[in-house]
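Have a look at the structure that comes next, please.
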Amino acid sequence: MKRARLKVLGNEQIGPYFLIRVGCGALDPGCPGQFFMLEAPGRVLPRPMSVCLAPAGELAFLIDPIGPGTRALCALEPGDAIHVLGPLGHGFRLDVERPLLVGGGIGIAPLPFVSERLGAPPALLGFRSEWHAEAAALIPNAEVVIEPTYVTEAMPAGHDVLACGPEPMLETVRALSPDAQLAWEAPMACGYGACYGCAVEIGGELKRLCVEGPVLAAA
Amino acid sequence: MLLLNGSGCLDALIAPDVARALDAFVTKTITPLPRDGNAPVRIAETEHGMLNAIGLANPGREKFLDEVLPHLRELGFPLWVSVGGFAADEYAETCAALDDVTIELNLSCPNVDEAPESAAEIVGACRAATDLPLYAKLSPAAWDVADTARAVEAAGADGLSLVNTIRGLSLDERTLRPTLERGSGGYSGPALKPIALAAVYACARATTIPIVGMGGVRTGRDALELIAAGASAVALGTVLFSDPDAPLRVRTELDVERSARGFDSAHDARGIAHWTDAGQRADVHANVL
Amino acid sequence: MLLLNGSGCLDALIAPDVARALDAFVTKTITPLPRDGNAPVRIAETEHGMLNAIGLANPGREKFLDEVLPHLRELGFPLWVSVGGFAADEYAETCAALDDVTIELNLSCPNVDEAPESAAEIVGACRAATDLPLYAKLSPAAWDVADTARAVEAAGADGLSLVNTIRGLSLDERTLRPTLERGSGGYSGPALKPIALAAVYACARATTIPIVGMGGVRTGRDALELIAAGASAVALGTVLFSDPDAPLRVRTELDVERSARGFDSAHDARGIAHWTDAGQRADVHANVL
Amino acid sequence: MKRARLKVLGNEQIGPYFLIRVGCGALDPGCPGQFFMLEAPGRVLPRPMSVCLAPAGELAFLIDPIGPGTRALCALEPGDAIHVLGPLGHGFRLDVERPLLVGGGIGIAPLPFVSERLGAPPALLGFRSEWHAEAAALIPNAEVVIEPTYVTEAMPAGHDVLACGPEPMLETVRALSPDAQLAWEAPMACGYGACYGCAVEIGGELKRLCVEGPVLAAA
């Protein structure tokens, strides 16, 4: 875990999302499923964002502008600089035999990096609309379903599932595929185990998602 | 000039490098029994601060003493243990079980339902139970915090920690329902700074014991202000969440600020907000920490 | 949904157009004897709010009744008179001398040295002295403001005004001495909003009387949040200093906000922060103002 | 008193000061010595500023960047917009026979407008340095003194003095010239009589400077 002030290199809109590229400076890009805390200009707390892509010397984040923090991030322009802390948490185990990436909505954010590291395994992505589905272009080998169809209705059996998406989606994936790896979300103030804000129930106890996760085994 | 963390704002076992950059590490508040804390959502950002309703999540006294404290000791830096409870004897029992640490009595957590017993009574019970240094951590949610400060000094407190969070609430922008599951939470961060300064300033006049100032410190300048108001040490809370490098940065900034103002050490600036026009100190007599 | 000014944040005789854009005008707190207030400097800006130590500057009861009130009446809008004092009988005497106004009892000014008598005792004395509507204005500087709210309701208050300022301090950037001559002052503005929301939310559950919400309101969205937390009316304070057009603007923004959320009137949004998942109201029962 | 959002037309540095010109929109420029409350971007309260010049359709303010509010104002760029409230308070009486304008430091700010309205009467201006004295160029017919000489040492008798400057200067002018008109300063939150923050002792009582002044008779 390191903190650095990184230059914004690019900001490109993809459907309703924004792909923000920063120069990664001295920061290690980490593993797929890990995340960084990004300074959201003008806000008190940073925001957790999964690494979406990590080409040499860069880090890219795919961000959905849903509130004040993400809106501030999506308004960044090339030349701006923000403080970034990471990599943080535990990402996906990549020692899997028949990987299937499953993502829903902005939950696809960590999957391009996973896909790259796993050599473009099959992916199943669900979106609310064709517009949102534009982001599927970031992931090769992807089948896309649009609501009212849900990814969990189209999920083939017999795979090692690596999933990220809204909570109801993850719950259904967990039920269908008990040894899936699931990337969860929780509000985070610090991202490195200091605030105890991100507590979620893990094995019947409240534990810090930023320390134990965000990727957890389904069972 | 000592730099600490605010209780509950750092875990030295998870982030030892952050703790090492401080002069001492303050634990999250320990209660007699283990507590999971409140149900999530437990944190929320506001425009100028944050809210938390962690609810004293902690492993409980026994597990803390047996499993956590030994690991903390291995790290080798000075320890402050924050002690909580729901009755004076609960506090006192934890104090009696501690050794070779400074104790901070959390008399002011806004995130539990039980009303606190009289602060002075708790301090008195703990004073009888231990010879360790005892700091009383007070809430700014009092008509006159200096009254409480005088009372805990009389009851045997060796120092004050000022301030804890104050109760606040935020609503979800879409649903207009409380963002925190618990409803309200403790308000900390930049918005708290003037409230913290007022408490430190008032208590520095009302008592003779040293004060750990905290509340909204982000920069060395903020730290210097608390020192000027009368603090002998400064603690970093919310700022650690956005900047784990804050200890070193704040210390460096503080050095620059105080030397630019002609002070040989931050300590020399202590209480200068109380100086009269004639340049003499007014009735501040806080001891050195 | 009534929109008022915060006491001490507007002079209707000097700025009648601003007052006219409100539903009622609240006077600055009137004490039995005239007061010059505190020595200047009496105001200071902080990063996220402001401090004032005006110190209840007012012409005193007699001059107010004889010279000010008649001019206010000529303006023709509903009047609230803020009543202050240093003992229950002082409050009660002023209440007895008033007629055809709503009374707001200022039980919470942080800028005078005298500690307030028990809020409930003052309300009781005033209740015995007048049949006029009596609002109790409370400070957020209490461990549990809902306790005080319950007590003043039991003592006969018809409503609550929440919240007054909370004590804060700022230091001059160059001298590190208090910016305000008095030292500390009352902290108001944006930073106060979460504290005000928490107080309104807690008191709406604890009492059945209507609440005037205030503290850091700048926009219609802020006003809607206080309403959602349980307020039946909203008062504008600090925002009037930077924007005398705020009454009309906030009203317009409030209309836009509430209709975008499907409420036919702001009133329909009252207390929705307390709704349960089932969509029913929880234990909020504040009456309509 | 009216409030409007005005466009910044120009920002020119003059010595250590900044001359900010805004389009005056529907606002009346008022009389010399009156002031406006200017929104200081990012700050909670507006800041009082005297009208320095009022060419057709414009208002100009001369600002000394001494703190957070004035620094924010001096950082304004053409094209920015700020809320402005005014004109406020009571300015200088202009029915004087032998006017002499006396100013010290940033206290010269209202004098260009006075000078224009009075047909360029003699002026005596004091500054801390030659650099500060560059602002004297805004006032025709001005004699300039630089510290350690003070304006009050160079002040000729027999004039109707209109003065603005630091408090010690005004006190000395008051002593030398009992029927001078003096423009005072006090911290102001509102500028229009709402906050009682600007109280100063006037005739033995604390009164609101924004209502009774800022220009007061010396005696």
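As written, the chain order gives the labels A, B, C and D, with residue 1 at the start of each chain.
In this text, contacts are C-beta pairs under 8 Å (C-beta built on N, C-alpha and C of every residue); 3 or more make two chains touch, one makes a residue touch a chain.
Source: prediction; values computed, not measured.
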Out of curiosity, which chains are bumping into both chain B and chain C? none
Common contacts of chain A and chain C? B
Just how far, in Å, is the C-alpha centre of chain D from the one of chain C? 35
Inter-centroid spacing, chain D versus chain B (mean Cα positions, whole Å): 46
Please report how many Å separate the Cα centroid of chain A from that of chain D, as a whole number. 56
List, in ascending order, every residue of chain B touching at least 2 other chains. 46-49, 190
In graph terms, with chains as vertices and touches as edges, which category applies: line, ring, star, complete, or other? line
Could you please write down every pair of chains that are in touch? A-B, B-C, C-D
In the complex formed with chain A, which residues of chain B make contact? 8-11, 14-15, 18, 28, 36-37, 40-50, 52, 54, 57, 173, 189-190, 238, 240-245
For chain D, which residues are in contact with chain C within the complex? 1, 3, 37, 39, 43-46, 67-69, 83, 85, 186-190, 192-200, 205-206, 211
Write out the stretch or stretches of chain C touching chain B in their complex. 46-49, 51, 115-116, 139-144, 166-171, 176-178, 183-184, 187, 190-191, 193-195, 197-199, 201-202, 224-225, 228-229, 261, 269, 272-273, 275
